[in-house]
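What follows is a short report on a single structure.
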Amino acid sequence: MRRVPWALIVFLAALFVPAAGSRYYTFLANDVIIWALFATSLNLLVGYTGLVSFGHAAYFGIGAYTTGILMKKVGVSFLLAFPTAGIVAALFALVFGFFCVRLTRIYFAMLTLAFAQIVWAICFKWNEVTGGEQGMPEIPYPDFAWVDRVAAFLPFLGGYRTAEHFYFVTLLLVAACLVLLRRIVGSPFGRMLATIRENPERAEFIGVNVRRYELAAFVLAGGFAGLAGGLFGIFNRGVFPDFAYWTKSSEVLIMTLLGGMGAFFGPALGAAVLIWLNQQIVSYTEYWPLVLGTILVVLLFVFPGGIAGAAMALRHRLRRRAARA
Amino acid sequence: MIRVLTMLLAALLTLPLAAEAQKPIKVGMPIPLSGPPALFGEPASKGAQMYVDEINAKGGVLGRKIELVIRDSKADANEAVRVARELILKENVDFLVGTLTSAEGPAVSVVAKENKIVFIAPIPKTDQLTAADKLHPYVFRVAANTTMEGRSAAEIVAKWPVTKIATIAFDYAYGQDVTKSFVDYIKKLKPSVEIVDQQWPKLGEQDYNPFINAQMAKKPEAVVSSIWGGFFVTFSKQAKALGYFDAIKYNFIGLGEAGTPETTKSMGADYPVGIWGNSYDAFYWDESSPAHREYTARISKYLKDEYPSSWAIQGYIGMQFLVEAIKKANSADSEKVSKALLGLSVDTPVGKLTIREKDHQANRGQLYGKTVKEAKYPFAIMKPVTYVDPTKFMD
Amino acid sequence: MPDPSFVFAQSISGLTAAMFLFLIASGLSLIFGVLRVLNFAHGTFYMLGAYSAYQIVRWLGTGPVSFWIAALGAALAVALLGGIVERFLFQRLYGKEELYQLLFTYALVLILGDVAKIIWGTQQKSISRPPGLTSAVHVLGATIPYYNLFIILLGPAIALGFWFALQRTRAGRFIRAAALDRETLGALGVNVSALYTGVFVLASFLGGLGGALITPMRAIVPGMDTEVIVEAFVVVVIGGLGSFWGTFLGALIYGQVLSFGILFFPRFSIFSIFALMAMVLIIRPWGLLGRPLK
C-alpha cells in the first residue's frame, strides 16, 4: 500500500475552504484547526510521555489572555503577541511543571488540576487586568492592511474578508507548529519520551533523567497550547475565563482520546470529528453532553485506540488477510 | 401576442420578488434558558415569541413573516458569543435581539458590530454596553441601565430614616456599575450617608453565608442589593435563616428585580416580605393603562398562567422596537433599520418609550415598591407599586 | 479586633459548609482508597440526590416527616444507581488503564447530567427547611439556624459511625484490607468484586445524602455537579486521598478558609483554596493525614 501523503492533501484542501464554502464552514474549519493544535500539544504529554494532565487548559488560557492583553491593552502587533503567548505559556508550564513532574499518576493529575484552577481563579477575579467575569471582548484582528497592497500583484489573495485572512494565518501557523511537533516526536528526544511512557522505572535504570525529560515535554506541550490559545482568543473575538476552567481540559482530553492517542494526527482528527459532530447534533437536540458521554463510553469499551487506532487495526487486519491470500 | 409576452414578463419579474417576500425575516435570540438566570430568560423569550406570533398572524412585516431563532446562551459570555456567531453565520439571521447578563451583552455587541447586524438588548443593564467608547451604530438597549437603576434606588433610599448603608452585589459589570451609581448619587442626595460595608460575591455564588455574616457584623441600617434571578432566591433564603432581614428591619431594596412575581411565587413562604424591590412589569399594577391591562390579559393567556411573568414584557418590547424600525425603514437591511431606530418612539404596554440618539438608550423605567402579603394572592406583591420615570436620571 | 459574635457566626458558617463537603468527599475518598479511582461522577450523584429529594418532597407534600423520608429515599435511590453502574459498567474497566477509568467517570457526568435535565428541566428548584428545624437559636450574639446546627452535629456523628464500622465490623476490616492489599485479600477467599460494589454503593449513598440534605439551603440547579466535584477534590487532596479522618480535617480547613477568606482576601478567596491544594500537593502530596501510595 503506497504511503498516501494525507497530511499534505488535507492541508491543500483546507486552503480552499474559504473559496469553496460559506462563511460558516470557514468558521468551523478555523475552530477545528486551532483545537487540532491544542489537542496535539496535549498528546505530547498523554500519548507520547504517558502523563495524564487535567489542567492543560491553563496554558491555553494563559496564551489567550497574553495575546488579548498585549494586542488590546498594550497595542502590540500580532507578529509579536503570538510568539509571546507561546513563550509566556511555556514559562508558566516550566514553573508548574517543575512541581508536577515530581509526582506520579493521580497526584500528578491533581496538581495539574490545582494549578489550572489557580490560573482560572486569577483570570476570573483579577478584574483590572483580565476583565474578570466579563472577560475581554473585542480582541483586534491582526493588521491585514498589507494584504490589499500585495493583492495588487497577486490577485488570488484579494477579495477575502478579515475573518478569512485570519483563517489563512491560522492554517499556516498551525501547520508550521504541527510540522515542528512532528519533528520533535520523531527525534531521539521523542523516542526517549516513548521509552519513559512504556516503563519509567526501566528508563531510570538505564540512566535517563526521567524528570528532566518529562519537564521538557510539559514545557513544550504548554507552549504549543499557549500558541493555540493565542489564536483562539482572536478567533473567538474575545477572551473569557472559562478558557482555563477544568471542563475545557476534559474537552481537549476527550478529543485526543477520540482521535487516537497512538497516532500523531489522531488528536487533530478527534478535534475535527468532535467539532463537526457537536454542531450537527446541536441543531437537533440540546442534549449534546448526553451524546458525547455515550460516544465516550463506546470509545472506552470498544475502541480505546480512538478512530485512528481503529483505522490502523483495520488496515493491519486487511494487510494480514492480503498477505495470507 | 404582445399582451401575452407582457403578462409573461410581468409574471417572471414578480416571481423572484414573491420568493423574496416569502423568505422570513430571521431574528436570532441568544438568551439563558438554563440555570438560575433562566428564571428571567425563559419568560423573556416567551414574550418575544408572543409578539412574533401576533405580528405573523397579521401578515408579518413588509409582507414577510418573522422567524425567531432562540438559543440557550447559558448566561455565559463565551457561550453567548459562540451562539451569536453561529446564528449569524449558520442561520443567517438578519437581526439579534437578546442576551441577559451584563457580561453577555457587551460581548455579543462586539459580534454585532463586526457583522454589521442590529442588536437590541432587552435586559443587560451595564452602562458599558452603550458607553461612549463601546457604542457603535448597531447596538440598542430597551432595558434600564445601571445609572437609571442606581439613581432610582438612591432616590427611594434617601427617604428612609437611615444613614449607615451597606451594599451587596455580584462582582461583575452589572453589580459594580449599579452599586457605584447608587453610591455616587445617594451621597449627593444625602451627604450624611455612610457606606459601612460592601460585599462582592461572585456571579453564580451558591453559599452566601460568609458574606451575610460579614455584612451583619458591620451593623448596617439598610442594604442595597443587586443579587438577581434565581440567585436572589438562594441568597434571601440563606439570609432570612441568619436573621439578616430582621437585623436591618427589612430596610432592604433588592435591585435586579427582586420584587417580580416570578421571584415571590417561586419562594412562597420563604420570601422576606417587607423588603423593597423593583420589576419591569407587574400584572397587578393598579394604575396601569388600558393598553397594559390588555397586554396582561394576552400574556396571561399565552403563558397559561393567571399570574403571568414580569419578564415577558422585555422580550416583547425588544421585538416591538425592531419591528417598528423595520416598518419605518421599509427594509430589513440592518443599515437602514439601525438609522430608523435612532429617536424611534414606540407605544409599548408600559407607555411610550423612545430610544434616544445620544446613546441608543430607551427611557425604560421600572416599577418600585415595598412588598406586602396580600390575601388575594398566594405570594407577596409590591404595594403600592410606582413606575419611576428615569428620564431625569439620564444624563 | 473583629467582633467575637461575628467570628463565631462565621466559623459556624464554615463548619456547616465543611460538614456538607465532608459527607460528599468521604464517599469520594472511600472510592479512591479502595478502588483507586477518582470518581468524577461523585458530584453527579450528589446532584441526583438533591433532585430526587426534591421529587419525593413534591410527591409527599409538606408533612412533618416528608423531608426526612425524601432525604433517606434519595440517598437510597442514588446508592442503587451507584451499585448498578459499578456492577454492570465499571467492573469491566478494572484491568484497564487509569485514564480510561477516569474518563468513564467523566462520561457518567455528561450522561447523568443530561438525564437530570431531561427529567427535571433546567430551571432552578428549591425546597424549604423541614418543619421543626425552621427557626434559629441565638448564641453569643449570633443567629444560628437550627438546620445548620443539625448538619454540624450530623457530620461528626456520621464520621464516628463510619470510623466505628471500619474499625470494629468484619466488613469494615475487609474494606481497610482491600485498601492496603487487594490481591492478598482475594487470595484469602474474600469476594473482592462484591466488596467493591458494596463500597461504591456506600459512597454513592453518602454523596446522595449530602445532596439531599443541602437542598433546604441551596438551589438545585444544573451545574451543581461540576462545581461540587472540584471542591470535593480539594478536600480529599488536602486531607489525604484515602484517609477518612483526613477528609474530615480537609473539609474543616476548607470551610474555614472560605469563610474567613472573604475577610482577608475579599476577591481572592477562591484562589486561596486552590493555592492551598497546590501547596499540599507540592510539600506533602499524600495529604495531611494520608499515606504515600504504593
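The first chain written gets the first letter, and so on, giving A, B and C; residue counts start at 1 in each chain.
Just so we're on the same page, a residue touches a chain if its C-beta (ideal position, glycine included) is under 8 Å from a C-beta of that chain, and two chains touch if they have at least 3 such contacts.
All figures in this text were calculated on a predicted structure; none of them were measured in a lab.
Shared contact partners of chain B and chain C, listed by label, are A. Across A-B and A-C, the chain pair carrying more C-beta contacts is A-C. The geometric centre of chain B is 38 Å away from that of chain C, both derived from CA atoms.
Here the CA centre of chain A is 38 Å from the CA centre of chain B.
Separating the centre of chain A from that of chain C, both taken as means of CA atoms, is a distance of 34 Å. Chain contacts: chain B has residues 171, 202 touching two or more partner chains. Among the residues of chain A, those touching two or more other chains are numbered 124-125, 127.
Residues of chain C in contact with two or more other chains: 117, 267, 270.
On chain B, the positions that touch chain C within their shared complex are 33-36, 38-39, 42, 171, 199-200, 202, 206-207, 209-211, 213-214, 216-217, 230-231, 233-234, 237-238, 241-243, 266-270. Note for the complex: chain B touches chain A at residues 72, 76-78, 81-82, 85-86, 89-90, 102-103, 106-107, 109-111, 114, 170-173, 176, 202-203. By the touch criterion stated above, chain C contacts chain B in their complex at residues 2-3, 5-6, 9-10, 13-14, 16-17, 117, 122-124, 126, 128-129, 136, 142-143, 145, 147-148, 216-219, 221-224, 227, 258-263, 266-267, 270. The touching residues of chain A, when paired with chain C in their complex, are 46, 52, 99, 102-103, 105-107, 109-111, 113-115, 117-118, 121-122, 124-125, 127, 246-247, 250, 253-254, 257, 287, 289-290, 292-294, 296-297, 300-301, 304. Chain C contributes residues 32, 36, 38, 89, 92-93, 96, 98-100, 102-104, 106-111, 113-115, 117-118, 226, 230, 233-234, 237, 241, 267-268, 270-271, 274-275, 277-278, 281-282, 285-286, 293 to its touches with chain A in the complex.
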